[in-house]
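Take a look at these structures.
Each of the next two complexes has chain A plus one more chain, namely chain B in the first and chain C in the second.
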Partner chain A sequence: MDFLGISLPSYSLETVFGSAISGVFLGAIYALVALGLTLIYGVLHIINFAHGTLLMLAMYAVFFLWSVFGVDPYLAMLIVVPGGYLFGYALQRSVIGRTSHGRDEIILLTTLGVSIVLENFALFAFSANERNVQVPYDFDGIDLGVVYIVWPQIAALVGSLLITAALWCFMRFTDTGKAIRAVAKERQGARLMGINVEHIFAVSFGIGTACVAAAASLLAPTYAVFPQVGYLFVLIAFTVVVLGGMGSFVGALVGGLVIGVTEQIGRLYLGESLGLITISAIFILILLFRPTGLFGQRL
Partner chain B sequence: MSMLTTMSTGNMQRIGWAVLIGALLAAPFAIHSGRWMEFIELTLFAALLGQGWNILGGYGGQYSFGHALFFGTAAYLQALLQYKLGWSPWLTLWIAIGGSVAVAAFVGFLSFRYGLRGSYFALVTLAFAEAFHVLSRSLVSVTEGGRGVQLPLNQDPEQALATFQFTFAGPFLSEAGYYYTILIFLLIGFAVTGWLNHSRFGAQLQAVREDEDAASALGIDPFRVKMSAICLSAGVTSLAGIYYVQKFLFVDPGIAYGPGKSVEALFAAIIGGVGTVLGPLLGSAFIHIVGEFAKETIGAMLGDRPGVDLILFGIILVLMLAYMPRGLVGLVELLWRKLITKRGGGNA
Partner chain C sequence: MLEIVEVKAGYGHAKVLHGVSLKVGEGELVALLGSNGAGKSTLNNNISGIYKPFAGSIRFDGAEIAGVRSEEIVDRGLIQVPEGRRVFPNMSVRENLELGSYRRATPNRARNIDRVVEIFPRLKERFDQYAGTLSGGEQQMLAIGRGLMAEPRLLILDEPSLGLSPLLVEEMFALIQKLRAEGLAIFLVEQNVVQSLEVADRAYVMENGLITVEGPAQDLMHDEELRRSYLGM
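Entry: the complex of A and B
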């Protein structure tokens, strides 16, 4: 098969289909990471550059809970999710909320500054070594014929879908969820109705961080953690969010799956290294031609 | 009275510049410690990166998060054309500048044509830098991939100038050759930003930064102005890439297109003061002094581990954005004005 003069390897339909399926499992995690980012954007209108770094910190938390206390990475969710919420709440209240006045680039820079501090803190405290959580069920799984799926991948998919659904219900049916939606839609109006906007901002940031903490738990058995891992994920999360539409939940889910599948097929055809170009390419194309994304209404 | 004050301020500025440039030119004669010269050289290098960013970000208000794109493209062209084709570095440097400007024109055309502003422009530049990062790592037959490009070291003093390598260039140049290279490049950066302060184009660029719609209502074409700014910015940034390759004789995907150089440029310009001629140098000097200090104190206390300096830089960046958005230059101006009004008040 030829593409732009580069001869691509040709694969059977089964192989491509298998890649697509493992892409769905990967994409579910991307969706969960992006969900937090899109929530923060939708409510606070800030692009949180520190999102990937927060994921990295949560992955370290899961790793140390496992290596020091022997806590199963999935069970660790009960600790890291509330922990992530509190950390995000405090971060928004004490740092980002204070500096986030003026132009949006300045806020983006503030979150970049935060991410640099946290990433280098991790480098300083934990060194650049890659660390892996090892669980006994690492390589067990089911054979789907075209592709072999391990239990951690299934847990990631199911977990992501459940958390997305839970968050959707939370936003829909609880008072806090309604307040968050009110603030997202009409900040001043919400304030006039007696909603504490600063509190809701911090709550949203907290929930966004709790999402990456949950994602960290689901990622732990299959992904190594190292200080720069956040940078990889933040680019992917940006791509997912921009593709799905900034602030859209459905968009994050669909975007995550699309990016996961594209990445896997890209890796299949272009190789492990060059395959990653598909993500940057989608990111650039969407930003240029449809910055509102697939499901976004406003910029 | 006010005329007198501004005039004296202008003269003071001119004298200040003369002293600064004189001191920088004389530094190799006064400082004989190799470690200190290296320190100043790296400060000037970061200042040059910051100055390149400053032209587009500070004067044009277009915040790029991927300025490594222009640094890395120049560095790779400078290294590869020498390594693969054996061309003279004095020829390749023009191609490196040209290539970097061409990439800038391409990215600028796409971004500004489709009206990307603010954070969206920042993200698209980041994405382009990442795309080039992946490409430079993957296209092994062209770029040597993750191994990087290592230029041969010239050990013949006769060939020092021809190879643009000063390590074995005789008693004076081996000490100061690279220092003067980066100093000349930085002075070019100063000249460009100084020109932006006083020229018609600079005024147009700053008008676009303040309010694009108002600027175009006044007959300025924002697209054309921003295109010129990004090309100029890339041109200055490319000089840093050329210096880097000639000095270290090495480049790899992480050095060229990783986030490190983009962040270094941002730090210098924003901490120093965006949209000012002196800001990037001031910012770069400040963070290098803080970094060195951190290494001496915290590093000595906790063992030499990486990351301490960047933690401090990040904290300084966030504090600056929160409390001193005009950077160190803003602070200096504030103190200066207080001094002037005190003196002026006394005279009146």
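Entry: the complex of A and C
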């Protein structure tokens, strides 16, 4: 095969299909990280630069729960998800909200500052070494013929789908979810209905952080933890958010899957490092034809 | 019920209200008239806790509410239907109404939704439509319906007839009279002078952040001087 003058290796359909499937599992995690980012963007209208750093911290939490207390990384979700929510809530309410004085450009810089502080804290406290959670079942799985899928991949996909669905229901059917959607589009109207806008901002930030905490649990069995690990995922999550449509949940899910599959197939043909180019290529293509992303604007 | 004394308010260094005093009694319909930029909405938003007055006192049922958080003011039953409707455009009519009882009268939600669609049958037809896709008149009905969901004790209506066709304006004033007849106290901010004075018990005229005329609506209606100078009739 030949692509832009570069001759590509040719693979059997099975191999390509196999890559696509493992891309779906990877994409599910991207979707989950993007979900938190898109929620925070949709409600507070800011890009949360600390998102990747929060993912990193959550991964350390999962790692230490496992290494110190022997807690299984999936079981750790019961601790890190509520913990992430509380941490995110407190961070928004006490630092980000307070320093910003309601000005979006300041919030942006504050999240950047928070991420720098937290990352250096991690570097100082945990060192730059990579650490791995080992679970006895991380190479068990099922053979689909074209591809061998390990349980952690399945858990990532199922977990992401369940969390996305749960969050969608929460936003549709609970008063707090509705208040979040109201604040996203009409803050003053929301205030006049007795909605505490500052509280809702913090709740949204808390839920966004809980999403990365869940992602951290799902990632732990397959990915190493180190202080910069967040960037890897959050850069891709930014792409997913723009691709799916800023503020759209379904967009985050579909965008995550599209990017995951694209990345895996790109790696297959172009190799480990060059493969990531395909993400940017797909990104530019979709934005050329759909500037508002796949799923426009709606929260 | 609502007692405002010498309220000074504005935005940062821009002073808008220079000492406004007015009252709304139990079950009363009081109109506030005034030209564009007089400061009427500024007053409403200071009453509702969106902004904090620089000085003066706002009492509701005898309790000081100047500078109190907006959700506590909603708790007390002082509900504002704001100028420009401010419905939630990304949510259905049903969800907009539900959020009207986010803070107050939440247990009576189902019953009050029935009551609101009885008042505004048109909302029933649009129940699952996004509020952002409603016509201006329908959005105004929704905004009032959403306000009623909280079972207000005092309802502030900020220019409810703005942008409505003459027929809908008539309907709007009929509705305001009906709500009043049911015993609801209403503070009506309007530029529609004649119709407002016809339905109101008392009225105030605001000019450049000051109350310049006040009295029973009937008197204002027949005050030749006022008709010429302030109301442009």
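Everything below uses one rule, namely that the second predicted complex is superposed on the first by the 279 of 299 C-alpha atoms of A that agree within 3 Å, B and C clash if a C-alpha of one lies under 4 Å from a C-alpha of the other, contacts with A are read in each partner's own complex, and residues count from 1 in each chain.
The rule is simple: contacts are C-beta pairs under 8 Å (C-beta built on N, C-alpha and C of every residue); 3 or more make two chains touch, one makes a residue touch a chain.
None of these values were measured; they are calculated from a predicted model.
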| item | value |
| --- | --- |
| First, second, both or neither for A:Gly113, with chain B first and chain C second | first |
| Superposed model, chain A: greater residue contact from chain B or chain C | B |
| Chain B versus chain C as contact partner of A:Phe238, first or second or both or neither | first |
| First, second, both or neither for A:Leu162, with chain B first and chain C second | neither |
| Partner chain(s) touched by A:Ile284 [first = chain B, second = chain C, both, neither] | first |
| Touching partner for A:Val95 - first (chain B), second (chain C), both, neither | first |
| Touching partner for A:Asp104 - first (chain B), second (chain C), both, neither | first |
| Contacts of A:Ile195 with chain B and chain C, given as first, second, both or neither | second |
| Footprint overlap on chain A, where chain B in one structure and chain C in the other make contact | 299 |
| Chain A to chain B touching residues, read off their complex | 47, 95, 98-99, 102-106, 108-110, 112-117, 119-124, 127-128, 227, 231, 235, 238-239, 242, 270-271, 273-274, 276-277, 280-281, 283-284, 287-289, 291, 299 |
| Sites on chain A touched by chain C in the complex | 175, 178-179, 181-182, 184-186, 188-196, 298-299 |
| Chain B residues touching chain A - in the complex, by the definition given at the top | 63, 65, 110-111, 114, 116, 118-120, 122-124, 126-128, 130-131, 134-135, 137-139, 145, 259, 263, 266, 270, 305-308, 310-311, 313-315, 317-318, 321-322, 325 |
| Touch list for chain C against partner chain A, complex | 48-50, 69-71, 73-75, 79-80, 82, 85-91, 95, 98-100, 102-104, 106, 146, 150 |
